[in-house]
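In the two assemblies presented below, chain A is common to both, partnered first by chain B and then by chain C.
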Partner chain A sequence: MDSSLDRGSPAITGMWEYTPKLPKFASLMLLWLAPLIFLALFYFFPLIKILGLSFSRSDTGWTELFIEALISTSIRRVFWFTVWQALLSTLITLAIGLPGAYLFARYEFRGKSMLMALTGIPFVLPALVVAAAFTSLLGPRGWINLALMAMFNLSQPPIQFINTLTAILLAHVFYNTVIVLRMVGDFWSHLDPRLTQAARTLGANRWQTLTRITLPLLAPSIAAAALLVFIFNFTSFGVILILGGPRFATLETEIYYQTISLFNLPLAATLAIIQLMCTLALTVFYTRLTLRLSTPINLRSRRYTQRRLSNWKSRILAACLITLLIGLLTTPLIALATRSITRLEPELGQETLFTPSLTLDFYRELSVNRTSSLFYVPPTTAIAISLGYAGVTILLALALGLPAAWALARYPHTPINKIMDPLLMLPLGTSAVTLGLGFIVALNRPPLDLRTSILLIPLAHTLVAFPFVVRSLTPALRSIRPRLRHAAMVLGAPPGRVFRFIDLPLIGRALLVAATFAFAISLGEFGATALIARPEYPTIPIVIYRYISQPGAMNYGQALALSTILMLVTTAGMMAIERLRIADIGEF
Partner chain B sequence: MLQIENIAKRFGDKVALGGVTFDVIDGEILAILGPSGCGKSTLLSLIAGLEHPDQGIITWQGESILDVPPHRRGFGLMFQDYALFPHMNVYENIAFGLHMVGLPQEALQGRVSEILDLVGLADFANRDVNTLSGGEQQRVALARALAPKPRLLMLDEPLGSVDRTLRERLLFDLHRILQDIHQTAIYVTHDQEEAFALADRVVLMRPGQVEQIGTPQEIYRRPVSIFAANFLGFTNLFPGEVIDIKGNELVKTPIGEFPITTKRKGKVTILIRPDSVDLDGKWDYSLRGRLTDISFRGTLTRAVITFEQASLTFDFPTQSKLPALGSEIEFGFDPEHGILLYEPENKIT
Partner chain C sequence: MPIRINKFTVIGLIGVIILGACAPLQPKTPIVSLQSAPLTPFPTIEATQELSVMTHDSFAISEEVLNVFQNQYNANVRFLKSGDTGSAVNKAILSKDAPLADVFYGVDNTFLSRALEEGIFETYRSPILAVIPDEFELDPQHRALPVDYGDVCLNYDKAYFAQRNLPPPQNLVDLLKPEYKSLLVVENPATSSPGLAFLLATIGQFGEDGYLDYWEGLVENDVKVVNDWEVAYRSEFSRWGGTRPIVVSYGSSPPFDVIFSEEPIEEPLTTAIVSDGSCFRQIEFVGILKGTRNRALAEKWIDFMLSPQFQDDVPLQMFVLPVNPKAHLDETFEKYLAIPNNPAKVSPDQIAANREKWIQAWTEVVLR
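Coming up: the complex of A and B.
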């Protein structure tokens, strides 16, 4: 989003577009070929198969199933809760994110890039880790409850956080604030400040300037960010399941519940389709909006739009905002890390005098198979397995994402792209459980018998990572001014070498961002992996979940320890790309 | 060498070029001059092969090059905004074209330093192109285009974004460099000063079409049309009439009747050149009017003189003694050089 603008205004393309030898349609189809085959085989085919199978199990026709689902009060309640919590989460996220976006957009201050990097971390954390982080801060044995209990000598934790709506909302805000910060902040930072200055000289006061000039100009970017946050909240799984508990059900958790616990596949499939329709509608709307964002008005290089924090008012505002952001985004993570090295309870059989103390036991215990479990896998092995899967996912996602991004960037307004653009986002809006089940029932016979293949999990992860990869690469490719390619051509570079010497180096950073997304998603993916992973080859989240679902302080501690490791690995990845000064999570 | 024949190109509904014909002679600098949006840049992208014409043919030494892809045409193109590769330093930018033709390392290095010397950037090889000033970037872009010794160099508004003082100097440098290496070049600009200063010949364009081709002197002395005259900044245009009195042709103008040699008859549009006057009484005809406005233009002073029927703009040498604003002025006029006749046009007032 950034780099192009800092080099000057976007070039007018039309006049200089090189007419390639292949007709536009043919080259477009060629680019879409691999991504389309991939989506057809590993998304649509499993999806249709599982939906078909689910419906065939029902005694009635599928229309009746829909009607039943739609008139059922419990399903309607689930649906409205899904919408309602997503809406509420989105509004709170905007309330916190917009002032932050203003701060990042208009002011230059020390530690800004560090803060930007920090805000990006929650977004790539696995839901399990986030849930663990919030429980270690606010759960019954979390820091705050422990502190209150110690202070007031209570025997029960005073704050009931887990299994509340607050927990869901807080976690969603924690996850998605960065989307508002980056999407709106980035657009805002390139908005010509002379527009508001002009309004001021024409007699508008601050409020009028904000409501009549700034907000209307920002509207598309705010709408796009809000829509994306809404989509993520709408389909959120881990947060609702673990932090919301059994009291709260959204479409996504209901699909899981109906599938895993009740084996009511027809209803699960019906819900999956309802969810899919909603996300499809939202993504179509969303991709339209982002297209509008890519041809904005009066964009200026960042150099001209940013000021220093020069007076006390702005400094106090900045200090408050920064404290709020750091508080919201880092305390749960710090709580997780510190909790994972603290022993609060004595071990079994040593119930006498015990004081909480620092310990590395949870980490040490990770490699001990105390229960002699058949499927015990030492965490080091799980980490190796996860990294292996992540590596394959990166390769697959980049190989498929690059041609797709190329097609989207080079031929922005063609009909086929208007269809493909929202289609790419669909895996994000599809229930991970449905997807996992689909893989199991669809990829079970030759030539697509992948049930035992080590490729199965990377394929599922690639499906989830694909939209992120495409959306990181597209703006970078779009930002390369066509003239650079033309200059290379005129200087004697045939098309292949133009790509090799111009496009590839210029999108190098975006490639790295995309790879990091694929990496983080693969490391953290839980929903689909839980269904398709073979027990002897678990990934880190699966092992964490195993620890969480077993009772006892040691298991809980080990879950925290492993979560901390996963957090550190993803954070290291995020920090690495921020160090390369790509302050972007890409364009979504 | 290069021949453009009846080239047409449209983008959607918009006609960018509607049948353009001209040629480029070996060793000459040809300027394409015209207002913005007249299709100059499109013309360059067609010649470079970045676009395909809808109609017409482009030949190089008699052979069509329409099917030759841009990277095999051997032409150089210097872009308006330079289009320097931001991920390469000065050396790498200049070496790119040489690298593409597979020049061996040693020869490549020699050529780059030779060309850096030519454009006066000998110490800049390792500089990051993003840190260069506008003038320096322009030189790097020129060096990059020249390095592979293009058969034809095209420059698209190369001085468009530099300020006036710098432009004067760069124009001078550019002229020297192109002449030193006897480079055939097409120079696109909307600025007549640039075109006249640099070019051996000028192609004057109106939107989508060629208006006039000639040396700068020819075009300046005799713009072929009202459009050309307007574009060159001539503003004294009036309706008039050519009458024949006993075999002598006279033209009726708002400032009097003058004898003229012309094939036109009846209604005409008259252009009165601003530079056809003199205060020293060199000419046979003298005019009287009221001096109503003066604007100082450096070596020239532009004066608006109001006559009974019209107001006209004339340029006097700044040294000449103009009377006070508002007073009568009498000056010599050279009708032979000063009056040009065109087709009658209704819109001229």
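Coming up: the complex of A and C.
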């Protein structure tokens, strides 16, 4: 292994890459062209327009607004709570996700792809559904409380879960662990095990091997995953609102309140900018960090990196980790699915349902338009619509994300990349309400009058998926040793062939991870989709929301049934993408 | 073999897209016009008129009722949903220079002043207003016309009180009594529209000087606050497996629970408290958006929304009640719907002027 030689090489490579040749500059610009146009039109233009309009409605200048916001104790409190809960959630997510990533990266076992797909489901569930899932498990009359009450003869439910900080943290971990599992797990699965074996042979103990070899090599992907998880928690909305309850507020919920409830657009814009600045600062820090951390290494096929669970030690370890993941990530889902086939209403005169009975009525009822409503769609149509949007989102996000990631990875030290890299993450840190209203005020003239177009939905989904794609691809692309490309070029391969036969196979798996995220983001997205106007083409989450917000046991049951269907569609979709991996696409 | 598989991926994705794009187009009913209209690249030859109606996301209508209008005026009606009531109103305001639609439906009395002050509506005095009770007409200039209403009232779980031989509360003041300690769950007025309505009911009942004292009393009696109706009704209300037998919901919730029950039930399991001053009435309005190029058809649509034809359809589609007294109600409603005679009164202007102040004061007292 000549990793020690490679360690010093990024700087050298960088210098080598940074000879100011025109073709390089031109190709860099070419790579950036499509992502830049996309971001300019559908992100910066609407954002700047709505922020400008918001400030123009204020009597005072924007500096006063910022000072006012910064000295207000209630806003300071919201800000610190936002940072604190995001940090705490991220740390817990990493603490659970990293061992899980190790399991998925290093071991091959039966049911692994199923387990991986299951861990991805939470990511697509709307917050209302997650709240329903946790309630059926941990609510005042949830299974756990009922069991404890029966066991210890209690008259009141012992566990208070809804509207606590624990609920927020648990829900964030529930949502985001998959990011760590996938992004770190995938990268880890390609680390050459011989590196650690060599270290062990040379006398390092396990701890030294972990801290001196494995973690430094994994650092770029851990940082990327942590950044995404943090930003997701930092801008958390539904979880805070529904599971956190009235005593907790983040910047995002405050922006929503100021915008929608009070129509105080200047203050909302001020808060939105504060949120953006934090995202930007964090991303700049991240970018600096990963530039130092990235090390070109030999990525190895999983054929060489993964083992079976052959000895007792590894079996026990795997059993513990699988139990943890299932307990945390799938028990609420199972509770939800079970509830969708259980009668919900107690008998007349009975207080609660003591003898639950099973039913498929909710599923049957989904296909009936009982009130002959115009906006009714059968579940199959909602599934088709959701998959349609998801398909377009995957294509768009990959088409835009691949060149962007490519540019970032190939020419890491050029000025334009240093600017672009942090900018890419901004859509994730932007308040959905602000951006939604931005679309309304910006995209109002032909040919860009997309305000009522169904295209707006995949475009909005792509804005969220795009940073994920870039973050999934860049670590993989950066880790490809330039020498491989140079060798191919020396042997006479034109750039297209180099990409096709060197880069593409090496990043094929990262590409699939990226596609999985784009798929999941599009399938589960609720906030932006609800703001965009076409009731004839509702996605599954939109239909779930329609049911859950209507009175009557039947409507609630149908919401749960459709949520279960969403989980099944997600599992099927992720397993299908997983299948592509098993078929060895991009494997080398 | 990366390339071959990639092709499959692409083909698969394209297939999925085509599936997604086509499925909703398959005519499930004769009214293809509504769904295909926006997708036809060229205007159709016969002179069908287009009308766009912007609404909040709870809007619904049945197909037959819409067809009556579309056939009568040879029109296509296109609906644009824009999020919850507040979001939809904001979108209408921010797009007033290039209106998204001809008609806006769904602004309620808590947002009415904002919409009127921003000047998004044109005046229209519909002839049908003559039959609609004056109490619903909150805009004397007829820019916003009432369509439907709903009363936000306390609901209680009948079985809970029956089993304990406890008489259920009759009004807001009763809730301060020790026997009702830890029984009430309400929604946060900052995040929930029934939550705000209930806060307004207490302001209407106890006045600006008295409502905070009342809420202090509720806090002492261990009121529970959650952010959404969904959480309050589905998770905390004892009817649904929570621990609180009194909840802030709608006056129409009991009959709706009968109509949309899992299995046919004879009578509602809950009751709404409708004594004087204990409910707040939400009224929803429709108006013609300034700058419409379809003024004549927009007027016809508004007349249609106020006519019994549409009004009959309102309860089962949108879970609210028609303002037109000529509308027919489902017999379950006739039987179980309790309508408050004297809901608490707070005017839209007062609400607009004080919303932030009231909510903030409430937050200080109840949540801190």
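The criterion applied here is as follows: the second predicted complex is superposed on the first by the 358 of 588 C-alpha atoms of A that agree within 3 Å, B and C clash if a C-alpha of one lies under 4 Å from a C-alpha of the other, contacts with A are read in each partner's own complex, and residues count from 1 in each chain.
The rule is short, and it goes like this: a contact is a pair of C-beta atoms (placed from the backbone, for glycine too) under 8 Å apart; a residue touches a chain by one contact, two chains touch by 3 or more.
Treat the numbers as computed from the prediction; the structure is a model and nothing was measured.
Novice: A:I440 in the overlay: touching chain B, chain C, both, or neither? Say first, second, both or neither.
Specialist: Touch status of A:I440: second partner only.
Novice: Look at A:A488 in the shared chain and tell me whether it touches chain B only, chain C only, both, or neither; answer first, second, both or neither.
Specialist: Only chain B is touched by A:A488; chain C is not.
Novice: Between chain B and chain C, whom does A:G52 touch in the aligned arrangement: first, second, both, or neither?
Specialist: neither
Novice: Touching A:P193 in the superposition: chain B (first), chain C (second), both, neither?
Specialist: Once the two structures are laid over each other on A, A:P193 reaches no partner at all.
Novice: Looking at A:R497, would you say it contacts chain B, chain C, both, or neither? Reply first, second, both or neither.
Specialist: Touch partner of A:R497: chain B, not chain C.
Novice: Does the superposition put A:P505 against chain B (first), chain C (second), both, or neither?
Specialist: In the superposition, A:P505 contacts both chain B and chain C.
Novice: Please name the chain, chain B or chain C, that touches the greater number of residues in chain A.
Specialist: If we count touched residues of chain A for both partners, the winner is C.
Novice: In the superposed arrangement, does A:G391 touch chain B (first), chain C (second), both or neither?
Specialist: In the superposition, A:G391 touches chain C alone.
Novice: Contact-wise, after the overlay, does A:P412 reach chain B, chain C, both or neither (first, second, both, neither)?
Specialist: After superposition on chain A, A:P412 lies in contact with neither partner.
Novice: If I apply the document's touch criterion, which positions on chain A are contacted by chain B in one structure and by chain C in the other?
Specialist: Common to the two interfaces on chain A: residues 505.
Novice: Flag every residue of chain A that touches chain B in the complex, lowest number first.
Specialist: 7-8, 11, 14-19, 21, 481, 483-484, 486-494, 497, 501-502, 505-506
Novice: In their complex, what parts of chain A are in touch with chain C?
Specialist: Going by the criterion above, the answer is residues 50, 53, 128, 131-132, 135, 139-141, 156-157, 162-163, 241-242, 245-247, 253, 257, 259-264, 343-346, 348-353, 359, 361, 371-375, 377, 380-381, 384-392, 394-395, 433, 436-437, 440-441, 444-445, 449, 451-452, 500, 504-505, 508, 515, 530-531, 533-537, 545-546, 548-557, 580, 583-586.
Novice: Which stretch or stretches of chain B touch chain A in the complex?
Specialist: Touch list, chain B to chain A: 11, 16, 41-42, 45, 48-52, 69-77, 79, 81, 83, 85-87, 96-97, 100-101, 130, 144-145, 148.
Novice: Could you list, by residue number, the parts of chain C that touch chain A in their complex?
Specialist: Residue positions touching the partner: 1-3, 5-6, 8-9, 13-14, 16-17, 19-21, 23-24, 34-35, 38, 52, 54, 57-64, 66, 79-84, 86-87, 90-91, 93-95, 97-98, 100, 114, 157, 159-160, 162-163, 188, 190-191, 225-231, 233-236, 238-243, 249-250, 252-253, 256-257, 259-263, 265-266, 269, 316-317, 319, 355-356, 359, 367.
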